[in-house]
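First the structure, then my questions, so here it is.
Chains here go by letter, A, B, C and D, matching the order in which they are written, and residues are numbered from 1 within each.
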Amino acid sequence: MSIEEQYRTRAKELLAGGAVKMVIGYGKGTTGERRRPIFITSPDEVERLVLDEACITNLSGYLVSEGLLSDEKRVAVFLRPEGVRAVNILAAESQLDSDQLVIFGFDVVGNEIKALKGIHVEEFADVIESLKESAPGVAKELLLEKIESMSPQERFSYWQGEFAKCIKCYACRQACPMCYCRRCIVDSNQPQWVNTSSHSLGNFEWNIVRAFHLSGRCVECGNCDRACPVNIPLRLINHRMAEEVLGTFDHFAGTSKTQEPVLASFKKDDSETFIL
Amino acid sequence: MSEPFEPKIIAFVCTYCTYAGADLAGTSRLKYAPNVRIIRLPCTGRISPMFILKALQKGADGVLISGCHPGDCHFTHGNYHARRRWMVFRALLEFIGIPPERVKYSWISAAEGVKFAEFINKVTEDIRKLGPFEQYTQLIEETEAAASL
Amino acid sequence: MKIVARHDEAPGVRTLRLEFQNPADHDSFMETYRTGMFGLYGVYGEGESTFCVASPETRKEYIECTFRQSGRVTSALANADIGDLITFRGPYGNRFPIEEFHGKNLLFISGGIALPPTRSVIWSCLDQREKFGKVTIVYGARTVADLVYKHELEEWLERSDVELVLTVDPGGESPDWKHRIGFVPTVLEEAAPSPDNCIAVICGPPIMIKFTLISLKKLGFDEANVYTTLENRMKCGVGKCGRCNVGSVYVCKEGPVFTAAEVSRMPASDL
Amino acid sequence: MTKILFSDKLDNCVERWKKAGFSVIGPVQRNNISTYAAVERAAELDLGLILTERSIKELFFPQSEPMLQYTIKKDSIETKDFLPPSGQRIIFGARPCDASGMAIDDPLFGWDYKDEYWFQRRNESVIVTIACTQSDDFCMCTSLKLAPDSTKGSDILLRPLENKRGWLVEEITDRGRDAFKAIADIVQESADTAAPLAVVEKKFDLDRSVAWLQNPENFESRFWKEISMRCIGCASCTFLCPTCHCFDIQDEGDTYSGMRRKNWDSCSFALFTMHTSGHNPRSTQSARWRQRIMHKFNYFPGKFSVNSCSGCGRCSRQCPVDMGITETLQEISKLSQ
């Protein structure tokens, strides 16, 4: 039986038995290559679930939709390891109770779909641990290497050019499972820290602020990068920041649901080479 | 003839250490560069990266951040939190292309009036050498420009 | 416009009296302005906010606005001093058809910070008192302190040609409160004004409007004789920015004054 | 014999137009995004795109428009008004859906108060549209009763030639005719024939969908919740849409000086309609998606007798969660069967 079949059967059982009220998974999209998030509430609908290598969207963001988990009923969700990490962070930041989740874990390796064993976030700890260990060795994207070798002026110009395209549609924010704030910093206007206008300065500030707020929290699921309608390589900034917190604080975001957020904790002997 | 460039620098300092240090520098009649506008905050833990962005947004050529030495925080560990934040924010600014010379961090205690004066002088001199932050100024000027199309 | 006077109505609620700097602007405003219309008041650097013109069309020397300090613009307006300049655009929107009220009894119902739009109609009518029948005002607020225009409320209480019913929400009364205690719709039903030859004008938060309409129906009012104003968020005021519509109705252009009959044709969940 | 503009002469045209005082704007690939931008030479244009990722709208209604600059003095406030830069321009190589989008928004910007920013740019622009010979899965102009060769909103329509050597010229408006006078000797008479148009499959029954939307009962239909469940509430559909015109007015600056700007805004944001009191008439994402569809196919045509959609399909093409007008109207067509 394929993983897709197995998961459909499991989803059917869970829904029929009332163990979960909803299954958040993937369904067919507009075109052959597209998959879209679907929300299944009846066991008769499980045939709509699709699981293949095109299922890349991180669905964990839907878990913090207003009211979804407030009735304390359980919800099943299809998650890749990045999704599990995102859930860990959401749980660590008290945004959800991970005991309410039933996880359908999977990963895409090359063109193959691999099932990940486990139902609760804790059971994926080994998978995440191995991701952390392999993280420093992952080959860097060429573009990132290119940017890192630039002078500050060149880098500034590079990012300025990229951010100039931004239209402030906030698709990056909305697609991001970590951006759950009811009122985003750009929407707060007393004081107005960041210009809301989508001119170069406003775009520049917005992208810095978002990158900072994701530092040490981003799980690099790629949702923002794919969502951006003007193709800003947001993944590069987020990757650079993830690299930084891993290298400096040995922090890999989302390893467990009790992990302390990196910027809300400290060690007395943290590095401070740059401080005069 | 254009006037020589005088950098505009904003300093965010904690009130218990660095601000007192600045006071000491003053009462000890130490001379230091007048380019720095000091903004006093309760603790370095209160210094949000937003402040740095705001300073740049308003046309600062450089930003200084200073507070109590580790272990000396009036609130016991505000500066430890701040230190982590700066570490990350500094890496981000560097990656985005904001030269690290423009945003400087230091620990200055209430007793270090001399260090304060030297720090200010050094940073002012460094930024004077760098010149105005033209790339950022361009962004600012664009916000007041007419539409291009 | 220049702030010529200001007055604190209730905690956080302030009235500004404004005068145009340019006499031509004053004249053209007064020529178009009719009770019910709104304007966009602003402070440079903070933005613009939409509220009704709280002064009636019958008073032509100045305009007044009353607002609760709650956001960025209203805070800036509240901080503005006498003599300061603020920006103003308007008047926009439609009006209360006051001539059609001639010869009729009038019932005004209002809650909390929604008295200013009602007050504009009330004064428009009281300034030509002889043209109307009985005038009844039902006004309620959360607490005694939250009642706005306290000096005018006193004036109305004293007037023999106006019946003013004041109420505060349960728990909001002060020890010396002599008036009613209860929510506006309940108090209205107790007061039971007659629907005969009567026009009702209601203004309040969406939830109050909803229940007051039910009460008015119970009392036998015809929806066509009940007027209200919808105060949605607006940015342009001229039918372009796309946010104030309720169903297909653009409040800034077709409103803000509507009859209850018109409101009931709008999709309720969009209000 | 018909009028033909050969593509190898395009550079001459650009030169001629620039000499005649026009700036030339067209589809380009810049910085990893396809958009409309000013060009110096014809070679910069990318005329092979099905459609630019960003729409033509920003040439008429930029994402952030300066309106005025204020300076607060001791006893007075000085203001300086901004208007768009003046100057004639030729937008070469627009697609019919983009061009019709601009015509669709004309009545909106023109009713009551006439929007100067919009009309100055409209009046100074000549839109030279190229009919489509290729389409993708998301194109839906035919469903909106438009076509790959609609002339709505265009001043000139060019039809690609079968032999790919140029375009057949159709002059639509006087403004277009005037602009083409500058290149009258470059346009030649020839017997070349036009290439077949793109086949854009009809995706939904517009009339039936609109009738369903107009039925007040359907306002509260469960359908809205179901269809918009996966909507994440970003504004990429509205910002890339050529006809979405909602905006916000924002002040930027301090108590000494600053700017008042007109920025794009979107009905998909919760804050769009939020009252100060916290009450929000459209408090759920489903209400906001309903507003978008209703506005485009019910309210807007009710006021201006035209649907506020030109079928470019950008909303569906780039949606992070694969939603869009096509899917919604398809489902509505099904519901009303």
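As a convention for this text, a contact is a pair of C-beta atoms (placed from the backbone, for glycine too) under 8 Å apart; a residue touches a chain by one contact, two chains touch by 3 or more.
Keep in mind the model is a prediction, meaning the values are calculated, not measured.
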* Chain hops separating subunit C from subunit B, counting only touching neighbours -> 2
* To do: Report which interface contains more C-beta contacts, comparing A-B against A-C.
  => A-B
* **Separation of mean Cα positions, subunit D and subunit A [Å, integer]** => 32
* Cα centroid separation between subunit A and subunit C, in whole Å? -> 48
* Just curious, how far off is subunit D from subunit B if you go by their C-alpha centres, in Å? -> 45
* To do: Name the residues of subunit C that each touch 2 or more other chains.
  => 71
* **Shared interface positions of subunit A, touching two or more other chains** => 192, 195, 197, 199, 202
* To do: Would you please write down the residue numbers of subunit D that are in contact with two or more other chains?
  => 248, 250, 252
* To do: Sort out which chains touch which and give me every pair.
  => A-B, A-C, A-D, B-D, C-D
* To do: Provide the residue numbers of subunit A that touch subunit C in the complex, in ascending order.
  => 189-190, 192
* Complex interface listing, subunit D residues touching subunit C -> 70, 72, 76-77, 108-109, 111-113, 115, 216, 219-220, 245-255, 258, 260, 265, 267, 272-277, 279, 281-282, 287, 291, 294-295, 298-299, 302-303
* Where on subunit A is subunit B touching in the complex? -> 147-148, 150, 152-160, 185, 193-195, 197, 199-202, 204-205, 208-209, 211-212, 215-216, 237, 240-241, 244-245, 248-249, 262-268, 270-272, 274-276
* Structure fact -> subunit B residues touching subunit A in their complex are 49-50, 53-54, 57, 70-71, 77, 80-81, 83-100, 104-107, 119, 135, 138-140, 142-143
* subunit C residues touching subunit A - in the complex, by the definition given at the top -> 71-72, 75
